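One chain, chain A, appears in both complexes that follow, with chain B as partner in the first and chain C in the second.
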Partner chain A sequence: MKKILSDKKAITLFVCPTILIMLVIVVVPIFISVYYSLLDWDGLGRGTFVGLRNYMELAGDERFVNSIKNSLLYVAFSLFIQLPVSLLLALIVANIKRGEKFYRTTYFIPVIISGVVIGQLWQKIYNGDYGLLNAVLGSLHLEHLQQDWLGQETTALIAAFIPNLWQYVGYHMLIMYAGIKSISPEIYEAATIDGADSRQIAFKVTIPLLKPVLEVCVTFSLIGALKIFDLIYVLTGGGPFFTTEVPTIYMYKTIFDSFHYGYGSAISIFIILECFVFTMLLKLFFRNKEEQA
Partner chain B sequence: MKNRMKKLLALFAAASMMVQLVGCGGGAGNATAGETNADTSVEAQDQAEETPAKEEEAAPSSEEEITITIWHQSVADTDPVKKIIEESVTEYHELHPNVTIVQDGVTGEQYKTKIKTAFVAGEAPDISYMFSGGSFVKPYIDAGYLLPIDEYLSQDTKSKVLPGTLDGCTFDGKVYTLPTITFLANLYCNTEMFDAAGAKIPTNWDELLDAVDKLNAAGYTPILMGEKDRWPGMYWYDIISARTASNAAIVEAFGDPSKFNSEGFVMGAEKLQELVKANAFNDNMMSMSYDEMIEGFAAGQGAMVFQANWVHPSFWADTAATKGKVTCVPFPVIDGGAGSITEFSGGSSDGYYINANCEHPKEAVEYLEYLSEKIGVVGYQQGAGLPCWDTTGVDTSTLTPLDMESAALMETGTSYISWWDNILSAEDSETYKDLVAQVMALKITPEEFAEAMSKLQPSEFY
Partner chain C sequence: MRTMKNVKSGVLHICLMAIAFMQVFPLFWLFGFSLKDNSEIFGGNIAGLPQNWRFSNYVSAFNQANVLQYLLNSILVTAATIVITILFAATASYAIQRMIWKGRGAAMKGILVGMMVPIHAVLLPLFLVLSKMKLLNTYWALIIPYVAFGLPLAVYLFSSFMVSIPKEMEEAAAIDGCDIYKLFFRVMLPLIRPAIATVSIFTFISSWNELMFAVTFINKQQYKTLTVGIMSMVGAYTTKWGEIGAGLMIATVPTVVIYLLLSDQVQNSLVAGAVKG
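Let's turn to the complex of A and B:
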């Protein structure tokens, strides 16, 4: 084993295919997109080079700013609703006496279902006439709460978030659960001996020791929220009236509905840069926290 | 020695996996820059099980084996064109054993994306469907992707096509396709609901509002609207403005959009909002899709829809609650408006266009003639639309009463304008549809609507 790991030639050889694929499928298209973003092109004929004009237009585009606002709201929902729920579930599932495996598996099932299928499912649940949600509210005599969840501007964005929450809560829960399980039981014993109750153990022992795991989850959750497309596209298509339109959907519409390939590419480059910047910020944030501790 | 063998084996395994990946990845290419590659074999693209269409050259003396690929958007089981295309594939092969047609279909909005990426990647099929009206197909013609077919059309074909219908297939003086069937938009009313509510089928605007009130009082949804996809609402504004401003004014405004900011069009938006305020539409119109609207009407959930004759199979199906209980009438006249009741929304034909890189244009056009005529005649018989081909002597016993009604209405027509999203450029269509949605949600005033419309680009067709 050590011999293989120290054999530089072997390492290069085996890493080569994957790096090649990653370059061709991930890196090269990004550069091509950067080139496209400097064009005024309808996607079919020849494009004309316009330099940074697309980016300057983006800066003043109200609809684009609105889409960023929506995606930031979505990020907030992800970080402050989805993660705490996952954490709570992970803490509970890690500590129950029976059925751990069962709950682990059940919560994870939504993760493996495609976003489009989940979108279709929840679309039927939210339906104003025959949807499950309104039916349940009706049977609880809460008729005044029945509404057209996906068709109203006030409820559309949060309604578009719930399926995402449902889908990935198991994913984050599983990562955190693994983290919790890897904490040495001796620490728990020591804490119990010192007289800590379960709440104190959770807050003062488990969560601080979960920091690296939490960092991973926060990063995934953040990037996932910034890049979300298929779920929202199926649920609302960006409507009603742009209240659920996020940059990915705006980009798709610009390219395929409005035939503005260059402008859409500029949006995609922005999304890439946005994810990159946020990841760097997160890393800085967590590093500072570590140095403080 | 054994060690070396192991290393070699591992290397070989890795290399063979790499080769496999490269081989599989070939088809799913990135979108390259907008040049049309001179492709030797044009493949039918599909995510799953499509077998690449290969071209085989038989010995020079016997006839060549030809494969022609065609893409379309007729995938719904209630769409008669779906079956027509499938049948044409088998029938044509029997007539011309050396020609094999391979067909592939994807539904409407997704088809638009698929065909666009295919052309840019140089992997477009020999024949592809294009939506009617011009604004969808024009960018493809301008980019040189499609083949003019004047030189391949036989005189026989030209004589069988109804006069005037070839105009919609001609761009820059060259013919690019053949018409198939045409569509007319009319108001469909559920007669059972009207009777139960004591309402009269409306012939003018006041009667429409009256019917709306009576239907509401009887507990029925007066008008079903699936505005999530935005184009159903667009149809309403298309026809209301035809009544308030007249088709002639609309044509003028297409050429000079500043004319949209005028009384006729403001009045149109006002009338549309009047309907909204009278609770004519279903509450969840913003989240209801087109398909749900049609299924809903066929299931008896609403009293009226304004749609085109492709809905006939759905409304007259044996399983539909509306079978035998629906009639189609022209959209009501609006008093004080400049338009008349013989002005219609519709009238252009979609078509199938030949790829400029097609290897066998002559054979492709022959199939196109065959297919277009079949859709024109058989499609008409099955209620898919009104024919653009000569149908004298054709058996019309399979037509439903709805088909007869809309055919009769077409005979009364004096002027036709296709759906505006087929005439306006892609971007303007999006803007227009969004504006209509805002009007229907009462978010902007009619004046603001007209003002925004006046900022559109002049259309290339008028």
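Let's turn to the complex of A and C:
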């Protein structure tokens, strides 16, 4: 047995494809990106090495700062609206007597649909002239509220948040639901015997026990918000007047529309670092809480 | 007391049903306008059912707007991605979990770190490499990156599944004279079928829906997948809602059908993907 399992040729054959493809497609390109970010390069010929100049320019680039502001608003919206809504739904659906599976299955449907379809669909819902939203408002005699939701600066950003909320509420709900269901029923019985009502059980028993799951949801939703691309790209392309632009869109346009390869790479490195820093901060945050508890 | 409780649960159910309605209504609406023509949509029947069901929108999406080509490309790219991901990830996991060699711990850690890398980080270098290798506008331009970014999670899921499988079966097979390849293909592979299902579903949904790589690496009609194809269709058909709707439906129906057939398994795969990713 041991001899069979030490077969060098088989090990190489089994492991090498994975290691190689990951090295070539994932690992090496990151280093290349870092290198590109230090160049002034329009894609033609060879770039000139400019050190950290791209990063310094980013710090003073109003459009970039604005895109970060938008993505942080997106993060805030995800954490403080999407997740609480999901948690509330998870608590309700997990405790309901009938129809659990129906609600779970229905809420989850949008999750499996492509961002392109979601973006196109919501563009049509928001359409100022023929959109579903304005038609509904019209039938409720709220004509004064009808507007071009994505086309004007005042409503575009919030209108771009909603489809994401709609799409992923079922995802977070399901993760939390699975967490709630894995809590032993004996704990609930004990709490009920001690005279706790359902609200007390939710806040004093379920939510504290759900912390590892909540950490997953917070991380997932935060990183997802920082990396959001498809939905915005399809829905607004960052417009009007950059009101919905996020760093990923700015990076994409800088590289593939304006051919500023160096500058665009600096933005992409910024996005990786941003995700990394936020992940670490969350880890720290949840660890500290555990120690206090 | 009892009636109070009934009223409360009734109200709760009404709220939950309202949310369920909001989650699926946009999709029904999409189905509705995919069957309408412009005079109907722009003539005031926005939210209602179509007056006569124009399946001709689907015919014209398939024939004139190339959607059939996009659909076939999506199927091909997704199928190839799933098969290659499973083969590579399962063999690598087997070598890491069962076989004896130095550096397997490091290999595992290295692969898992790959889960943290956002695809934005590699977009430009990959674009330039693929263009140098003359791979832009080929199926490989999508399959290779999809496999690479699908592998970490697949290896994770396979490895954790293999750990839970007792070694007796393999030991017995080895005594019967099986070599390592038979141990893997005849003994292990059938045992990890549930994990294969999970990985397939996860890989299917992520590569079927992927946009950023597809829109960057492919601009020839012939190789466009549904996501990028629909983007270009939208550009060309801005005012033809019916045809666009038909295209969106064609991109969506396969995933929804699979979901409705295997809803529990799809939910479990995606939750597993989130929790570990």
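The rule we apply is simple: the second predicted complex is superposed on the first by the 268 of 293 C-alpha atoms of A that agree within 3 Å, B and C clash if a C-alpha of one lies under 4 Å from a C-alpha of the other, contacts with A are read in each partner's own complex, and residues count from 1 in each chain.
One rule holds in what follows: a residue touches a chain if its C-beta (ideal position, glycine included) is under 8 Å from a C-beta of that chain, and two chains touch if they have at least 3 such contacts.
Everything numeric in this text was worked out from a predicted model, so none of it was measured.
Engineer: Between chain B and chain C, positioned on chain A by superposition, is the outcome a clash or a fit?
Structural biologist: After superposition on chain A, which the two structures share, chain B runs into chain C.
Engineer: Does the superposition put A:Phe256 against chain B (first), chain C (second), both, or neither?
Structural biologist: After superposition on chain A, A:Phe256 lies in contact with both partners, chain B and chain C.
Engineer: Under the stated touch criterion, which partner chain does A:Ile11 make contact with: chain B (first), chain C (second), both, or neither?
Structural biologist: After superposing on A, A:Ile11 lies in contact with chain C but is clear of chain B.
Engineer: After superposition on the shared chain, which partner residues are touched by A:Pro29: those of chain B (first), chain C (second), both, or neither?
Structural biologist: So A:Pro29 meets both chain B and chain C here.
Engineer: Classify the contacts of A:Arg46 with the two partner chains as first (chain B alone), second (chain C alone), both, or neither.
Structural biologist: Only chain B is touched by A:Arg46; chain C is not.
Engineer: Let me test your reading of the model: by the given contact rule, A:Phe241 touches which partner, first (chain B), second (chain C), both or neither?
Structural biologist: In the superposed model, A:Phe241 contacts chain B only, not chain C.
Engineer: Look at A:Leu58 in the shared chain and tell me whether it touches chain B only, chain C only, both, or neither; answer first, second, both or neither.
Structural biologist: After superposing on A, A:Leu58 lies clear of both chain B and chain C.
Engineer: More residues of chain A are touched by which partner: chain B or chain C?
Structural biologist: Answer, by number of touched residues of chain A: C.
Engineer: Output check: A:Ile19 vs chain B and chain C. Expected answer is one of first, second, both, neither. What do you get?
Structural biologist: In the superposition, A:Ile19 contacts chain C only.
Engineer: Counting only touches as set out at the top, which of chain B and chain C does A:Ile180 meet: first, second, both, neither?
Structural biologist: neither
Engineer: Of the candidate stretches 109-117, 145-153, 181-189 or 253-261, which in chain C collides with chain B after aligning the structures?
Structural biologist: 181-189
Engineer: Where on chain A do the contacts with chain B and the contacts with chain C coincide?
Structural biologist: Residues common to the chain A contacts of chain C and of chain B are 13-14, 17, 21, 28-29, 32, 129, 256, listed in rising order.
Engineer: Could you list, by residue number, the parts of chain A that touch chain B in their complex?
Structural biologist: Residues 13-14, 17, 21, 28-29, 32, 41-47, 126-129, 148-152, 236-237, 239-241, 253, 256-260 of chain A touch chain B in their complex.
Engineer: If you look only at chain C, which of its residues touch chain A in the complex?
Structural biologist: Chain C residues touching chain A: 9, 12-13, 16, 19-20, 22-24, 26-27, 29-30, 33, 41-42, 46-47, 88-89, 91-92, 94-96, 98-101, 107, 110-111, 114, 116-118, 120-126, 129, 144-145, 147-149, 151-152, 155, 170-171, 174, 179-181, 183-184, 205, 208-209, 211-212, 216, 226-227, 230-231, 234, 241, 244-245, 248, 251-252, 255-256, 259, 263, 266-267, 270-271, 274-275, 277.
Engineer: Hey, which residues of chain A end up touching chain C in the complex?
Structural biologist: Going by the criterion above, the answer is residues 1-2, 4-8, 10-11, 13-15, 17-19, 21-22, 24-30, 32-33, 36, 89, 92-93, 96-99, 102-117, 120-122, 124-125, 129-132, 135-136, 139, 166, 169-171, 174-175, 178, 216, 220, 227, 229-230, 233-234, 248, 251-252, 255-256, 261, 264-265, 268-269, 271-272, 275-276, 279.
Engineer: Over in the complex, which chain B residues touch chain A? Could you list them?
Structural biologist: Against chain A, the touching part of chain B is residues 11, 14, 17-18, 21, 30, 33-34, 112-113, 116, 119-120, 139-140, 142-145, 228-229, 283-288, 425-427, 430, 437-438, 441, 443.
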